[in-house]
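So the structure is just underneath, and the comments pick up after that.
Order of writing sets the chain letters: A, B, C and D. Residues in each chain are counted from 1.
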Amino acid sequence: MSNNYTPDEMMTIVASRALKNDDVCFVGIGAPSAACNIARLTHAPDITLIYESGTIGTAPNILPLSIGDGELCETALTTVSVPEMFRYWLQGGRITIGFLGAAQLDKFGNINTTVIGDYSNPKTRLPGGGGAPEIASSAKQVYITMKQSLRGMVEKIDFFTSFGHGSGGKDRRSINIDTEGPSLLITDLAIWKPDRISKEFIVQSLHDGVTRDMVQDKCGWKVKYSDNIEVTEPPTHLELKTLRDLNERTKIANSRKDTD
Amino acid sequence: MSNNYTPDEMMTIVASRALKNDDVCFVGIGAPSAACNIARLTHAPDITLIYESGTIGTAPNILPLSIGDGELCETALTTVSVPEMFRYWLQGGRITIGFLGAAQLDKFGNINTTVIGDYSNPKTRLPGGGGAPEIASSAKQVYITMKQSLRGMVEKIDFFTSFGHGSGGKDRRSINIDTEGPSLLITDLAIWKPDRISKEFIVQSLHDGVTRDMVQDKCGWKVKYSDNIEVTEPPTHLELKTLRDLNERTKIANSRKDTD
Amino acid sequence: MTKFLSLEEGVSENLKTGNQVCFEGFTHLIPHASAHEVIRQKIGRLTIVRMTPDVIYDQLIGMGLVKKMIFSYAGNPGVGLLRRFRDSIENGWPNKIEIEEHSHSAMAHAYEAGAAGLPCAIFRGYKGAELRKVNSNIKTITCPFTGEELTAIPALNPDVAFIHAQKADKKGNVLVEGILGVQKEAVLSSKRSVVTVEEIVDKFDCHPNTTILPYWTISAICHVPGGAHPSYARGYYKRDNATYIEWDKVASDREVFSSWMQENVINETPKIFQNRIKNLKEEDDE
Amino acid sequence: MTKFLSLEEGVSENLKTGNQVCFEGFTHLIPHASAHEVIRQKIGRLTIVRMTPDVIYDQLIGMGLVKKMIFSYAGNPGVGLLRRFRDSIENGWPNKIEIEEHSHSAMAHAYEAGAAGLPCAIFRGYKGAELRKVNSNIKTITCPFTGEELTAIPALNPDVAFIHAQKADKKGNVLVEGILGVQKEAVLSSKRSVVTVEEIVDKFDCHPNTTILPYWTISAICHVPGGAHPSYARGYYKRDNATYIEWDKVASDREVFSSWMQENVINETPKIFQNRIKNLKEEDDE
């Protein structure tokens, strides 16, 4: 066990712990990709990682910069076309965990990655939804990872890029979504799960050294806590080494070769 | 040129002559398959042959017994899945010539390969339509080959497996089919083309040695003839040799090896 | 998650009386051994599904195990009609099966929709075709953009799919190559799937875009060399065209059929298939 | 029927002012050289289509050649936002482009429908998603069998598709392998298509199920080694991640952008691409 780690590392490692050996994950770039691969390299060697570029059962030795790096294809069980990926694999209901990030997130797990401000005249135009609208409805569960900030975790998101639990309660069922939706939120400060009835995210566990004030200071809604709040176990030596080795390999591979 | 040939050989060779080097043919088993390959082995070396088993640009050295013989895949440019074949290639409008045979045919090119008699209590249950219903509507043109008989060429077919020109005239347009439909009928006795207006098949050419009576004796409707009726050129030596060599190679390949 | 089972177990654990089941294969890789095992286990009242029902469907029908057939072309390819199928439809022997008849394009779209998790497929089909009048599962839908009337059919989602494939690896991933048919769609659209394979290897070493079904999409893998005979398995053995031609005679007479089935199916085991391909190995020609 | 042309001719013969055009590629095989040629030829008022518009779309927009963009994710993958795209949307520089925005699943279905000759696609999409409210090309349709409300979108049928591929053979057949994206669908759904390739070979020698586009589906083939850079071509050269990261800086400032474009695009020819991949050859690592 080590005390010497960053909140980012903590977030990635906690996310990796939530994954099981028989999960089939639809992986996004960034923290989700790192988390999924740490899981694969530690406690879940048989986990199936799927990237939307069509690579199924991939096992990259370095983290891809993009969703379609060559490394993903070379180490995959097979690579299918993008239409097949979205039709047979995502919409076909074969994904157990869809990983999503967010520019803005509300307490019901609704996500905005489209615009800040008005859609037609945005203050900031973001990349848009990509796979997220259907990952949110077709994956059996959705895990969300994000670094907490007042700009990111907001009372009301500017645009519903993907639907979480709507206004809470049975909102998903009411629009005929039969998957579970966001069931886990992992931030750099805490682990959150939706309340069974209201579906509002509730803090279940504070990362080692994090206080309730620290969580509230970086969250735009009034934070609720579980009655049995826990302290997240810090990264183990193995977890941290696995993550850092992976990042180091990735950094070396992505550096420019200026001369031959 | 040779006088020593069968009506079947004549039919196949005449059909092969109708094919052009830049045609993309959706090939059925039997006479169409032989005709397409004779064309490929004589005047149309670059013709694209597609079998519904998914083989695109195939060049079999022997005639396949079934629509999915290994020979078709081994000699193909590429082999795609059957759903892709029917979706991207046939329905996508990429086929210039669809070849159809018929158990029953009427004078407007409508085809029955489903049942003789009533659908629910048939006298003879035939194999059914397979690819034909959509070949008939999606291929740019349809060529029909069949041996003439009173049972086969009938005033009224028992079941519309695939739609030709309906009751003639603009019937195809009236049900929103925008392809040309049956544009050529090649029998063992004659070459027929639809009248420009009525769409009824008219004899254009009698095979060498065939009389009008012979055609009428084996056709269940009152046969009409073109004003400029021609005599079909008999098979050339090359055509006949190519066909017979192909059939011989095929026969050898399909014979059982009883001992090692 | 897949299990490696004997074919006897693979069939008995996955196929139940009254199920809807497909044994897919488009000339290539037809799962004959699996159908024969179903016949030996006398699993009946089946709704059998296939684009191109051929010999094994003739056999299932002739043995009285079939309640209904959903299909698009029922023939002995390149040879002629299916005589046991005809005897059922025309004379009700041993029972008159129900049929739901489609075109190939419709069936292909229906499997695709099933694999894609959709309740129905839309396509441009059946224009002027009379099947529309006799099959209530052919409906229409209007394109909300162009106003064009399109054809709609329900997705296929069989209870069980049986396919035959070239290889499985030790984890249970399955590789199919050559003429692919609708096998991938059959497996992905079905609730359960049983795959017989020619060979089990440590690891695949193949092109990145090869058709591979991950182990977690398959219920059971059974090692049955020759299990496609008289169909073929590219890279292993050739199609036994002579046997297809002979089937026409066997099936033409009820008694000949019944004694043939007793001798060649009921009294046999899946092991017989490896003998049947002995003279058909691909290297024989090379 | 395909023609072998220079890239200059391939572009000028096929792309016209005001066309709808896609330059497809999903991280892999992005047709950079083709987009640069379009920029040099100043073909404008384009409607550009792509699932993942990235650097070349930022460049086309920044050069003022774009009227409208149809897309599902506009980012510099793994790096950040597209700054020229943002400048257009947020500040109208050099012009404010129209957008039609979708999800990946919708775009993939729309290309598929286009390739399959259908006017629209149905899928289970956009549930609770707000794009429904801002995009009038997202409609609903009711399944005639289950009553389920499904989402419908119009098929994509661009005037021209540009893709980059590994190989063409002498007849003009095109081989694509590795991450396939929606390139096959892009070509098959488009009225015309231009393919840049790394290499022209006599004949392919490959797995029977490899993705090959027959020569009669392609309008023009242009031999442009390195034509995907800084994207990559499996088997030839690696992705130049450093260049993608640098793009973020170039695009952050209008003047830096303009002079970069002058120097690296306007003043160059397609030949420059083979120099750009010199240090990225796959064998460098092996």
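Keep this in mind: a contact is a pair of C-beta atoms (placed from the backbone, for glycine too) under 8 Å apart; a residue touches a chain by one contact, two chains touch by 3 or more.
If you're wondering where the values come from, they're calculated on a predicted model, not measured in any experiment.
Shared contact partners of chain B and chain C, listed by label, are D.
Among the remaining chains, those touching chain A as well as chain C are D. Contact tally for B-D versus A-D: the pair with more C-beta pairs in contact is A-D.
The geometric centre of chain A is 57 Å away from that of chain B, both derived from CA atoms. Taking each chain's centre as the average of its CA atoms, chain C and chain D sit 39 Å apart. With centres set at the average Cα position, the gap from chain A to chain D is 27 Å. Among all residues of chain C, those that touch two or more other chains are 112, 116-118, 123-124, 148, 178, 180, 184-185, 208-211, 234.
Each of the following residues of chain B touches two or more other chains: 73, 79-80, 87, 91, 138. Chain contact topology: the protein chains form a pattern that is neither a line, a ring, a star nor a complete graph.
Applying the touch definition to all chain combinations yields A-C, A-D, B-C, B-D, C-D.
Residues of chain C that touch chain D in their complex: 116-120, 122-124, 137, 139-141, 143-146, 148, 150, 152, 154, 177-178, 180, 206-211, 234. Residues of chain B touching chain D in their complex: 22, 24, 46, 48, 56-57, 73-74, 76-80, 87-88, 91-94, 138. Within the complex formed with chain C, the chain B residues making contact are 29-30, 52-55, 64-70, 72-73, 79-83, 85-87, 90-91, 114, 119-120, 122-134, 136-138, 159-163, 166, 171-172, 175-177, 254-260.
By the touch criterion stated above, chain D contacts chain A in their complex at residues 26-28, 51-52, 71-75, 77-79, 81-82, 85-86, 89-90, 101, 103-105, 108-109, 111-112, 123-131, 134, 148-149, 178-182, 184-185, 211, 232, 234, 238-245, 278-280, 284.
Listing the residues of chain D that touch chain B in their complex gives 1, 112, 115-118, 171, 173, 184-185, 188, 204, 208-212, 214, 216-217.
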